[in-house]
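The following pair of complexes shares a single chain, subunit A, combined with subunit B in the former and subunit C in the latter.
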Partner chain A sequence: MSVGALIGLVALNTLFLAAGTSLVWALRGFRGPSEVARLAGLSYLLGLAVCSVLLVVELVVGVPFGAGLVVANCVAVAVAAVLATRLLGRPRTGEEPGPNAVGPVLLTGAGAALAVVFLEAMFRAGRLAGLFEWDAMSFWVPKAKVIYFLGGLDERLFLEIPGQSYPPLVPGFQASAFAFMGDADVVTVHLLFWFPLVAFVAAVAGLLAPRVPALLLWPLLLLGVLTPEVVDRALAPQADLLLDYFVALAALLVALWLVERQTYQLVTAAALLSAAMLTKREGYLLTACIGAAALIASWREWRWAWPRLAVALVVAFVPTLSWRIWFTSRDIRGEAPEAGGLGLFDHLDRAWPSLRLALSALFDADLWLVAAPLGVLAVVLAFVAGARRLPAYAALVTLFMVAGFTWVTWSFPSLPITKDGALNPIVRLTGSLILTFAALVPLLLATAWRGEREGRA
Partner chain B sequence: MTGRLKEFLTWPYGIARLGAALCAAVAAVAVLVELPRALDRLGDRAEASSKLTYEDREMGAGLGVVADQRALREARALIPADGSYDVVTGPAAIRGATGLTRDFIEAFAASFLLPRRHSNSSPWVLCYGCDADSVGEDVRVVWTNGEGVSLLRRRA
Partner chain C sequence: MTFSDVLHSRRAAWGVVLAAGLAYPLLALAGGAPRFPSVEDCEHPATSDGKVMLVYGYFDSVVRAGELRDRLRGLGYEHAEVQGDGGCGRVRVVVRGYPDLEGADDAVSEASRVGLHPTVEADFAS
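This part shows the complex of A and B:
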């Protein structure tokens, strides 16, 4: 690892931040520099999502890859955001909780300080990490090398590398890092994944700080990222955690949209979900869970909410068609469940063990500490306090995701019923719900704390 | 004080508040217990990584496959970036081989040697326990560790 490689990584991620800041400015506006800083995590992940989705579409249509293309994408996104705001105006943004709701400075400072200590330790651990992750070594990094060295999705090599149908967003992200580092540095590339981790913590904290007391925000948020599985896997050059960040943040934005009805929240969630679907195939499943939960939770206002949700989901889905066309046109299989559409019923004996496995992985304290029990309790407490929409949405997201995880094991009969990550992806899958809890639970607890007296969230 | 306590025990809002406070307290305790453990683990990992050479870090999971990493490094140094290579395995003894070596060396080489491509007809051959005579005609040993791993060049 050289200083030059690190500077390259910082430059690349600064571009994503700049592009995302322009987007958030266009969609929502900022009330001042402090708000730009508070929403920097959200801006970065939005910039990363939009620029990466754009890159995937370009790779699919054969635009030659290089650092210039990455820069051009970020500049184009930023310029498009500015122009769109000039020509069309900014969507009307209603009142949001102001920064006064942040709470005692001491508590906020203590929470942020613990986060910084943890993230610094993650940085040190990733700085010299070897490429020991098997999936990373086997296909995520090789695909990135193909894009970097050969300037695109070299058909022959992509078909030879395992995981052919896996979407190329993460390889494109890593290839961008290689281009900015000036070399396919498979050691320093671990630090590339440090930036989205920092951004996820900053995004959730930034969005919730005006809405949730610091005492309820920081312990629950930190609990999510301190779980052993996140600590162990966050810097692996693989897609799992990046998918989880996109999904968890999108789930939070949809929750806020259900309560506050700010257009930027739904638009940003759609962009993040689009990126999630192009990050891993599970992104489709998780997007469906969030979409279905939001539709049901908003049934009382269906005339207002459903068309908007439907448009957001379609807009999120459309860019993913590019990759689907690419791999289906090359006759790549492996997308559909092994058991086939109705094959589930030939394996009914796997239904209960699959559900039990999903629940046991979710509630395994060695993997996720007490994040899941607190998540369930927070939903119950928000209901007890008289809230309906928010806890209903959170409960449905939880139920649908657990059902989805169960379905994965059930519909792939070759997967053994085990939490061994080399044999069954159940632990990786449950990570999405754990980080979703990290984002939603502070909001649920704040709702429980305020009670119905302050609105039926 | 008693009034405050009573407020926390009233149904439903007080109980909800009490529950929220307890959840935050449990999470805070879990964070305070887990953070030092996580820092320890991360510190150990950083220390372990710092003891490796850059070459070992780059080889990573491949260390359990390659038997002798010099072969791949020689191949990367000698085969042009737009060139190709073949991997041939055989039953001869390979010093340092593991149960993964023969099964996974081709897959690992495919990643490590990029942008060089695999081709069965390439003049460059990575030989893992193979019989050089069986690789083709006019085979020249470009590099060997003398312990079962060689880089060969054959007439294309």
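This part shows the complex of A and C:
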């Protein structure tokens, strides 16, 4: 831990922000400097997602890793965005609301002030955090050290470290931090994960501020990130929360796309989902849940919506093939469910306990406060108020994700039915849905508040 | 200026954010400047009897630490071993198992006769 290491982290994350800002500018355009600031969180996470996916592909094909490669990736992404804008013309911002916040601006200020204090406290807590998280010291950080010290995916070591089939996006992210800090500083690396946390809060707030009254937005968003599990694990040098940010923000962007039909929303969601699939294996499951929910929620406009959704999902999936080819060509197993394809039916006795465990983890107030009951309530209120597409999408995302979490415990018979994180990943899994609620619930309640009808929401 | 004006004032909103954003670090810094631990924080001189060890050197390289360990073993320190420094990223060469400071000090004197200068440190691992 040194000032130099902190400066290195700031420099690295500024590069991701710059690359992402260029992308958002190319995809959507900005209506002024205040909009650049409002969408900075979205820009950062998009930049991180695209640059990290690019890095994974490069590592797989054997490009030597170093700080220069990370810088080159960010510059290449920014230049590509500018060139695309030159060739294809400036995008129109379209029919989006805003740019001003809804309701008294002082309430927005108060909400933002609370978020700032929370994030500062998280920074303080993470500054001298030791590497005590089991998965982090078992494989996430060792893999990052391999990339940093040996310049790539050293085959021998990657085959010896646990979690061989886990995708290398997070190790690449951490190795980038090591390169910018000048050392494999396993203390300061906790603060690397502070930047995506800040960006997630800023991204949801920035996207929803012109759409949702501040009185609804800030308390509900903060409730999601202040849950004990998020506070406890947000700075752990592991993949769980980063996956959750990508998934939750993608789920929100798809929800907005279903209502507002802005192309940038779907394109950005596709990039985030691609990064999610390269962050953890669960990313595939969660992407499938969001994709299926969007397909069903848009069935009335299927001619318009489905081809676009299909293209977005394929584009999100294609970069993940690189890692799949790498590990399958080395005969690494453990990716498929333990019970096999039809093996679920040999373990029917686990179905109900698995569902009960998923629901019990989701609604556990000691873990997630009241985030899940509020999510269900928001869906019901939006339906009652007359909205259809948005609450249907949110309900389907919830339903599919709960089914997915159930399937995980059911299809791995060696997993005991318990919420103990050392034995069953169910609590970590439900985090994706909790943060998705944090992003969707303000929008659902705003829809219910306005009593919007079919066609708009 | 009415209450409604304040509610809709951008300046007031930015003021609230700025005040909260500055208040927290200022309150935290009131207790002193932030500390940046160094590798020396993993060196703990022994101050009382019980669980004492002699540290013959700290190294950034396991290979170099191993060389010193081998040299010590050649001199008769059969229990010399290489271990992590307890979280600061270095490795050290130690001889553990001294029950009190007096015995450790005697061992330091003996070591100095062959040109070694170990330090007496608390052995938290035992």
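By definition in this document, the second predicted complex is superposed on the first by the 448 of 457 C-alpha atoms of A that agree within 3 Å, B and C clash if a C-alpha of one lies under 4 Å from a C-alpha of the other, contacts with A are read in each partner's own complex, and residues count from 1 in each chain.
Just so we're on the same page, a residue touches a chain if its C-beta (ideal position, glycine included) is under 8 Å from a C-beta of that chain, and two chains touch if they have at least 3 such contacts.
These figures come from a predicted structure and were not determined experimentally.
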Exercise. Between subunit B and subunit C, positioned on subunit A by superposition, is the outcome a clash or a fit?
Worked result: clash
Exercise. A:18 contacts which: subunit B (first), subunit C (second), both, neither?
Worked result: neither
For this session: For A:2, select first, second, both or neither according to whether it touches subunit B, subunit C, the two together, or no partner.
Result: second
For this session: Using the superposition on chain A described above, determine whether A:72 touches subunit B (first), subunit C (second), both, or neither.
Result: neither
Exercise. Between subunit B (first) and subunit C (second), which does A:63 come into contact with in this model arrangement: first, second, both, or neither?
Worked result: neither
For this session: Kindly classify A:106 by the partners it touches after superposition: subunit B alone (first), subunit C alone (second), both, or neither?
Result: second
For this session: Using the superposition on chain A described above, determine whether A:359 touches subunit B (first), subunit C (second), both, or neither.
Result: neither
Exercise. Residues of subunit A touched: more by subunit B or subunit C?
Worked result: B
Exercise. What is the contact status of A:84 with respect to subunit B (first) and subunit C (second): first, second, both, or neither?
Worked result: neither
Exercise. Is A:127 contacted by the first partner subunit B, the second partner subunit C, both or neither?
Worked result: both
Exercise. Touch check for A:288: first (subunit B), second (subunit C), both, or neither?
Worked result: neither
For this session: Pick out the shared contact residues on subunit A: the ones touching subunit B in one complex and subunit C in the other.
Result: 1, 114, 117, 121, 124, 127-128, 130, 184, 186
Exercise. Which residues, counting only subunit A, touch subunit B once they are in their complex?
Worked result: 1, 114, 117-118, 121-122, 124-125, 127-134, 137-138, 141-142, 145-146, 149-150, 156-157, 160-162, 184, 186-187, 215-216, 219-220, 222-223, 226-228, 231-232, 369-370, 374, 377-378, 380-382, 384-386, 441, 445-446, 448-449, 451-453
Seminar exercise, completed: The residues of subunit B that touch subunit A in their complex are 12-13, 15-17, 19-21, 23-28, 30-31, 34-35, 38-39, 41-43, 45-46, 49-50, 52, 54, 56-62, 81, 107-108, 110-111, 114-115, 117-118
For this session: Using the touch rule from the top, collect the residues of subunit A that touch subunit C in their complex.
Result: 1-3, 104-110, 112-114, 116-117, 120-121, 124, 127-128, 130, 183-184, 186
For this session: Would you tell me which residues of subunit C are touching subunit A in their complex?
Result: 6-10, 12-17, 19-21, 23-25, 28, 34, 36-37, 87, 89
